[in-house]
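So, here's a batch of structures to check.
Both complexes below contain chain A, partnered by chain B and then by chain C.
Up next, the complex of A and B:
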């Protein structure tokens, strides 16, 4: 049996006293949390420990004694040994350290059922130890391993489950470690007692030098409460405004589910509601979520203000507005040229001339309509941009969403072309597939979901074949128009997709967790590693426990804020299939809007 | 041919593999093939009966040739579309009368179409074809002529291959559709919309309605059926001869070989037929199972 003693590094040089800590049930290990120095009154110690136990919920107990004899403090040995009768325990650890030596000596005294304590360690060994000068040597039946840990880091760190391939192998030590981490984290009340307290007990632990405090942090804590109340009041007003019946009438409701600015707005409202909730965060995950949201909102607003300062300096807005109308004109002109090309013999393809002319003229007329609309809008564009730019003060994400919406509105004609082309093409494909079945004398059985043979009438066959021939010969023309407009649409969808992805990235990236990982890497632990401190034959093994920081990928995976994720709705194969049969594609549609 | 001979008299040989017997592995008895039967239930073909049946194939070949002849005439402008339309109308009415006459002769009153339904179908054909003929005319404008010809040839071949020669009355979907596709392709090459319309009406008559009438004819008066077949074959060959002599020669060769040579070959090869039956055949259920139901 190996007895593991987790020993805080800060207690290495503590004065002699009692070890307070916890035996971890089920595992042969003990966690030392603090050292209580004498002089003390045993009754007070017992009372203090009970009080701490009630506050922290950790089964604290006196583990044993600690002695670091200084000059002029001799003869404590026997006193410390007698202490074990005052604090009756199953096992009594007696750890002692000589000044100037690295190793500790540990003796384990176990209590018999009769109640009297007896030394289980070998007398001969003890003699030898004293003869050798007691160099931290212990050859008991029970081997002892000292694991030194940094108490502050362990207390603050959050142990994450290891994403290992074979978790069964690691399960037992990880639970022991987990219990150890929890014990240290939960026994915070124990650490409130510091050196400058004029209580009856003095103890050593990580904070014994004096409690850490910052005036700024305290002030912010005080100020945050009224701020939260104010924000939640604003939010309730905003929600009330949103719920007025005029917003649930069809066109507005539809618009707000389509425009990404509105979606971002609702999403941000949700964020603020989470942030301003008066309850404090329960548990680590909730806290991290809140902190992540806060940091990302702050960063977002900072970026937005930065953008705004650039926009409103040197009249950039009017420059943009002046450039916008010529750009739209240019796009329309390019489209017209494309249509003229398609109406000829594009790429040497032989198209049906009549259908080609009809489609081309139809689309040309559409472009003409669009251009006149843009020119009608031209005087107002600068105003729209000016007021739209103000939205950047809410954050960069708002500006990006607005940009995405504006791109969608300015390329509405391309979207229309795409829809016309896709509908026409889809009609042809479906018609051709069913008429091809008729051509072979088959039909689609809806009930059994299969192709059955069927005997058609003469007139059905005749008209079906006539239509099949017409559709077949007109297919290449339609398919070409569909292809060209689908490519144009895909370019725009790609651009909007990049915008949406960046908005989503800003919204959901766990900035706070990433910052913690960079600056305080011990806060997010994935496991521990041990380094051998001193290993001499015949000495107890001394290990230093260091915290393994969580990997960046798992930081992002664990703490990513759950958002409406605008990932592609379909897999690539499904997308290609949809493109092939001419179904309309909205690959960047948000998940939240899919529910309506 | 037992190796030892002696045990063969005492133990009779059995045709089983699962039992150890005192014979070599390759031993067979006299009774080994006594259950073999040859050519069971074979039909003896008679030459002229086969020729009569095969004349339907030759007739269908000639029908395709007649259609192509019409198209050639139309394309060269030798045949006015009005003429073809009137001829088709007269032929159609005549055929319809004949069809009705044959239908009243036979007592199959189970599913007779009313005259109104026939009229409806005819109106549908004519209106659709007339409405679509301008579209059809521009359909293959940009497709090269060779492609159109190749497509038509393949489709007509498909029509001939998939034609239900045994029972042509409800026309097979694939054969009719292929023929109509080919005729639409060919008709779209003609100079005017009316030409297209006339050509499609003609195709409807030749490929869709004629086989129905022919089937009735075959059922009711076999003698006249033969006469009609001969008439159609001569018409096809003669019509093609007026346009291209080589085509006519080829067609006549094809008709003669299909109608006379192939039946001859069939009857001659009948002697070499050698089907073997025996207890190794899979089971055939030939008994009437209805008595199990009671």
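Up next, the complex of A and C:
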């Protein structure tokens, strides 16, 4: 078997002493965490280790001894070996390093519980061994790999895919590396012992050199508690207001389910509720979720304030409002021309004149109504924009959602045309399909959900065929109107879709995780990579363990905040089918599809 | 440390470099040939000639500058994402297997597979275009059923050495795997 020893890089030059760490059960590997220096009192070491074990929950033990002889420190070897009787272990590692050599040498002494006689491969050691008497020690024929790791990075990093933090429903047996990462991460209390402390024990391990701006962080932590309480109080007031019966009456509840501003408001409420919960985050996933939400809310608000400062400077709002009414007029005029064109012979097609005229007049009247509505609204538009622009202080997403809603309201006439066209077309298509069945002597059996043959009467057949002919000849006229208005509608849906996508992107993009990946790439680890370090003949194999950072695509996939774009999407084929049979399309999602 | 010349499935020369760090740790590096200067010349010349032809008809200088940009960006993307300089396999007994491929620009993509997840290393056959090729692959265990294979990780994917080279790598891998289990 090959024995693997994970050795921290910071202990490479430590003074001689005892190795403290943990044996990973079942994998034949040892994780060295710290070196406790001479001089020490064994009882105190044992007490210290027990104390640390209680604090960290890691089965710490003394793994062996470490010697880096300096000048004038001879004869340590025998002393080190004697230590193994003071700290009884199954196996005792004896790692030593010569000054000026890069490689370590390691001896493994295993305690033979049954055998009384001592047998050593090395004669010189065997002599010393015999002095011990009692327990015999035996050097097994073992090969050793030293894996050097950087304690700080391993301690802070999180191995992906994230293991279930609940020990009860473990989905996968934890592997050696995962155990090793967990051991180092959990033994943080061990690293609090400062090397400048005047304690009884001195040890070498990774130790923090003070955090940057730690005072500010602490102050902010203190300040965040009342802030969280305040926000949660505001949220409770807000929820209470939302639950008043007036909002559950039909038109308001329907409006709030389709207007994207309200949807965004509900998302933001949920996010703030997550943020302001007084409990600190349990585990890595929760913490990352909170941090991602916090950062994206902050960025969103910053962008919104930026937009607001642009809007309210130099009277951009009134310029926009002045431009809006002529634009609406222009659109209406263009539509009127389009209708006139359709009422003639569009693209050389010969339409049914009577139906064409009826439809055209109907739509023209609608446009007339619309224009008068716009002109009625004109004085108030600036006010609406002014107050609407204030919503940008809640974030850019609110401004974008409001823009999307405004676009929907200002193009309501196009939506109406589309609905009329689609309804007519849909009616015709359904009529045609059922009459076509009648024409063939078949009918749709509702109970069995299939087409059955059926014997019709003569007059039924006559009327049916007559209707089929009429509908068939009227179809091109309706289809043309439907086509034109659908195209107009699609342009608007596309614009709203882009707005929704950008809102969704700001809401769900894991900014904090991406920032961690860029600045502290070791924090999110996908795995590890090894590099062969030195090869001196006669020494054990030395590997350097580095942390393999997570790929950007998996960062986004793992940490994105779930919003509505995470639900299963409509396919393009479904959209085309809907367009073909004349079903209505909407930029928003229905509640029913959401729950599917 | 020894270097041997082999050929890949297209008959191009590749070199296999076996480096034995210790009795249970070996590194195999397969290096592909470098990009030939002729090929680069052919590609750049064809893009530039095409751009010049378009320029001749349209008299628009933007075409020429965009051609230069296209060649530069194309070359950068090629050496950063497509051209693999060498692929290496580091087998460490009882710890795991590390597969890494380094691109011509110096980018390195590394994955480490722990020994507890590995079932075996085998040489497999695959149908590739119109021929049957051999490739070396690592079989991964199903987490709960140790006798099932959950997935296959192919090795030396971009250099595609021929069977002779694969057998050599396979034999030394098996040697290490058998001693360490």
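Here, the second predicted complex is superposed on the first by the 536 of 596 C-alpha atoms of A that agree within 3 Å, B and C clash if a C-alpha of one lies under 4 Å from a C-alpha of the other, contacts with A are read in each partner's own complex, and residues count from 1 in each chain.
Rule of thumb we're sticking to: contacts are C-beta pairs under 8 Å (C-beta built on N, C-alpha and C of every residue); 3 or more make two chains touch, one makes a residue touch a chain.
If you're wondering where the values come from, they're calculated on a predicted model, not measured in any experiment.
On the superposed chain A, the two partners chain B and chain C both fit, without a clash.
In the superposition on chain A, A:456 contacts chain B only, with no contact to chain C. By the touch criterion stated above, A:541 is placed in contact with chain C alone, chain B being left untouched. Of the two partner chains placed by the overlay, neither chain B nor chain C lies in contact with A:339.
Once the two complexes are laid over each other on the shared chain, residue contacts for A:465 go to chain B alone; chain C is not touched.
In the superposition on chain A, contact of A:265 is made with neither chain B nor chain C.
When the two complexes are overlaid on their common chain A, residue A:473 makes contact with chain B while staying clear of chain C.
Look at A:354: by the touch rule set out above, it reaches chain B but stays clear of chain C.
In the superposition on chain A, A:33 makes contact with neither chain B nor chain C.
The overlay of the two complexes leaves chain B and chain C separated by a minimum Cα distance of 45 Å.
In the three-chain superposition model, chain A touches chain B and chain C at no common residue. If you check the complex, the residues on chain A that touch chain C are 1-2, 4, 27-28, 143, 145, 147, 171-173, 175-177, 527-530, 532, 535, 541, 543, 548. Residues of chain C that touch chain A in their complex: 21-25, 27, 90, 92-95, 98, 100, 110-112, 114-117, 143, 180. Considering their complex, residues 350-354, 438-441, 455-459, 461-466, 468-470, 473-474 of chain A touch chain B.
Listed in rising order, the residues of chain B touching chain A in the complex are 121, 124-125, 128-129, 132, 135-136, 138-144, 170-174, 176-177, 180-181, 184-185, 204, 208-209.
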